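Heads up, the next two complexes both have chain A, just with different partners, chain B and then chain C.
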Partner chain A sequence: MTISAEVIEGLVLCRVGVDRLAVQAQEVTAFELPHPGAPYAGVGFEPGALAPLDGKSLRHHHTSLVVDSVEVHAERLKLLAVPPVLRLAWGGALSGFVETGGLLWPVLSLERFAAHTVRPEAAS
Partner chain B sequence: MADVHGHLVFACGSSLYAVPADTASEVVNVPTLTRVPGAPAHLLGVFAHRGEVLPVVDLTRLTGHPIDETFKRAVLVRTPQGSVALTATRVLGVTTLEGSFERLGDVGVHQHLRGPARAAAGEVAVIDTQTFIEFLSTAG
Partner chain C sequence: MTNAASPLAGRHRWLTNLSTFAVLAGLFIATAYTWVTIHLPEGTRLVFGVTLVVVIVVFNLTGDTIEQRRLSTLRSLGEGTLPPTTPNLLLAANEVMRMPEVAFWLSLVFLLLGPLVVGFFWSAFSPVPPRVVLQVSFIGLIVAPLTAVLALLVSVPRARQVLRDLVAAGLPVTELYAGIPVAFVLRRRLMVFAGVAVFTPLLLVGDLALSRTRALLDQLVAAPDAAAMQTLADAQRSGGLVPLVGLVVLVVLAVSVSAWLFGSMVGGPLKELAEETERLARGEHGAPRFIAGEHETFAASGAIASMEAQLVALLGRLGHAAGQLSGATGALSGSRSNARVQNLDTASSTTGELARSAREIALNAQRVSELAKETFGAARVGRDGADGFMTAMVQVREGNQAIADSVVRLNKRVQQVGKIIEFINGIADKSDLLALNAELEGNKAGEVGRGFSLVAAEMRRLAESVMQSTREIGGLIDEIRDATNAAVMATEAGVKATDAGGALAQKVGEGLSRIVDYANQSADAMQSISLATSQQQAGTDQLVGAMAEIVKSTEASGSASREMLSAHDQLIFLARDLEQTVASGGSDSGLHKRTTS
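Presenting the complex of A and B:
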């Protein structure tokens, strides 16, 4: 199996309930307070999960995604390859994984992830 | 059909499975898993192992058998199609199998299980590892 040697710099590390995910900082155009109807990332882990009232919304142009909390991570990290069996997960929104703080974080395309959170029936 | 290369036999829940010994790279203790959004229920999560991200596949969920959460170990299977860690409640070791190696079904994951083969411990479903991982990769 080929292991990606790609390096990634500038991540937003997001907590989502007991789970976590990361998005590339360059994809985030604004941090906002969540507005009603904004898709919640927790649905990707637990269908029907409800966003916390004090969550944060990550805006990417015309889409947004609500998470519980965020932390900006500036260090360069090695982007680990997506295993073939996960390439289609959430409509192919997974870009890879990073390891930091002793934890593994799935790195997602914010735009594709948000789109599939809005329309879960479209997820593969 | 002669089993000339040997198979690694392991239990998952109440069922026995086997993979060709040359595709089973090691047996590992499963650490805390990282869940992946949008992953199907049989993909329990991933863990990093020697610089590689490995997905953990729960065979009981995949095959429709009663779910057994007691697994602590996993069998790492590596093929040109990718690598996965298969949940194991018990690992019985490498042995030669006898019996049938016919497909166990025509739909879903059962297309990629062969048997019923026989080991000393009982009937075994043999996983066709290459097509099994291809199936998981396209099933999403």
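Presenting the complex of A and C:
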């Protein structure tokens, strides 16, 4: 599995309410049923959002992040770079954007975004 | 206060006037006797005259007061202060009937006491010789009986006239005769009158002669010589007899008038009685007439009046009975021949109507009996229907209960299916998660794991498809559960409704059972009535036959009825003869023959 600067292969597209995000597949250890206390990705977009009961939990070693639904995307996609100032958003979790299905998906670092959702005030 | 319109007004004065005149006549005789026979001393005559006038006035007023007091009812009737009722009129009649005797006794007492009182006061105020006083005092013994009889006799005609006035004023004759007590004293009266008529003139003449003789002797004794005596004797013979003769004539005239009055008192009523009996004998009977009389004549007139009243009543009853007998026999003769046949025809017609009515009643009873049977059948059908309805309601209730049980079981099965679906959904969810992880791992493996990822993705789609199906099934199960719950509630309501319907059907069934019982009883009763009316119809038919037989036998007895008609014709003739006899008042009977013979 090669990761270039412009092309990225293997993404997990996640939906969080009306928002969306993408995580590189290598960062996901397994998909699990959400357990109580796991951070909800919706909080990163809107503080105070509540996780759904039938959501999915993305686990990365000892870190979990709950989203509404997931979809594994195996095609190669071009990673659109973002200015350095935007990389500080979401706690430095944003890597860039990919376009698929006519939509832009922010590619986030699962570990950092999970930490940011635990402390959402850090992103602001 | 005098009632001028009353026919009795002033009759109490008119009744006593003549007795006063009789007393005055007696006084005139006494005065004349005194003037002729008694020589009143000089110087005492004025006192005598004044005393006489005073005594006459006092005694007259006293007698008049007594008489008017004894006529108080008659005076009240005349003045209108008393109503002219029968008791009042009868009381007045009693007063009038007693008035002649009252006049008699008052006159007698007055003429006996009056001279005594005059002599007493005359001698008290004047020097009068005792012999003269005695002559004056006892002059009443001579004139009093004659005056009393005269007062009685002149009062009788007026009393009779007042009695007639009382009858005219409304006093019934029969009440008058029954209400006046009768004393049979005519013989005693006749003896008294005879004694007065004989002895009064006799005493008068004897006393007169004796007094004249004594006076002549006194004068002769007082004469100085024989020539004077001769002169006295001649004077006595020549002119001294005129006053004496006049006095005697006056007394005889009074006695004669009294005798004439006495004869009229007795003969007048007897004549009227004879005329009344003659009138009755001629059959001219009517209301009883009043015949005025006294004592025996009054009793005789009362007896004749009573006889006339009874005769009139008897003739009235006899005439009424004859009229009834004539009418009855006439009506009997007119209807006698056909009455019994008509009655029998009427009875036969009535029994025929009765028979027809009995047949109609029997027919109606039969119809009513059939209707009662039909009613009984209908009520029984209704009761059977109610029983069937009751059974159906029980079956419906059982069916509803079975449905409710089935629905409950179905609900339980649906719940079990829901649990299974939940289990399948859980499996699909885990399968989806596993497929997702497998796809992730295949994606991580790169090209090598691409096929694995495709399979995992396909498995994941299948799992999601299963989950979608399980969700749809879960929705259907929820709908089924809601439907089964509604069905359970509906069946429970149906069970309750069938319970209520069953109770109502049971009541209806009980009511119809009672109706069946009553209808059965009515049918039995109407059957009995129909049987009884049939028997009555048979009886009336027999009665009609019997009446027809009677009519035939009655018509066969016509000859006997004709003989009976002949006998009734004879009875009619006799009744009419009796009626004519009664109507003629017995003028052709033996009563008239006895009177005229």
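Here, the second predicted complex is superposed on the first by the 115 of 124 C-alpha atoms of A that agree within 3 Å, B and C clash if a C-alpha of one lies under 4 Å from a C-alpha of the other, contacts with A are read in each partner's own complex, and residues count from 1 in each chain.
As a convention for this text, a residue touches a chain if its C-beta (ideal position, glycine included) is under 8 Å from a C-beta of that chain, and two chains touch if they have at least 3 such contacts.
In this text the structure is predicted, and so the values were computed from the model without any measurement.
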Original post:
Touch check for A:A81: first (chain B), second (chain C), both, or neither?
Top reply: first
Original post:
Touching A:F97, do we find chain B (first), chain C (second), both, or neither?
Top reply: first
Original post:
After lining up the shared chain so the two structures overlap, which partner does A:E32 touch, if you call chain B first and chain C second: first, second, both or neither?
Top reply: second
Subject >> More chain A residues in contact - chain B or chain C >> reply: B
**OP:** Could you look at A:G44 and tell me whether it touches chain B, chain C, both or neither (first, second, both, neither)?
**Re:** first
Original post:
Residue overlap on chain A between the chain B contact set and the chain C contact set?
Top reply: 1
Original post:
Okay, in this complex, where on chain A does chain C touch?
Top reply: 1, 9-10, 12, 25-26, 28, 30-33, 54, 56, 70, 72, 74
Original post:
Which of the residues in chain A come into contact with chain B in the complex?
Top reply: 1, 3, 16, 19-21, 41, 44-45, 80-91, 93-94, 97, 99, 103-106, 108, 113, 116, 123-124
Subject >> For the chain C and chain A complex, residues of the former touching the latter >> reply: 429, 433, 436-437, 439-440, 442-444, 446, 450, 453, 457
Original post:
Can you list the chain B residues touching chain A in their complex?
Top reply: 34-40, 43, 46-48, 51-55, 57, 78, 81-84, 133, 136-138, 140
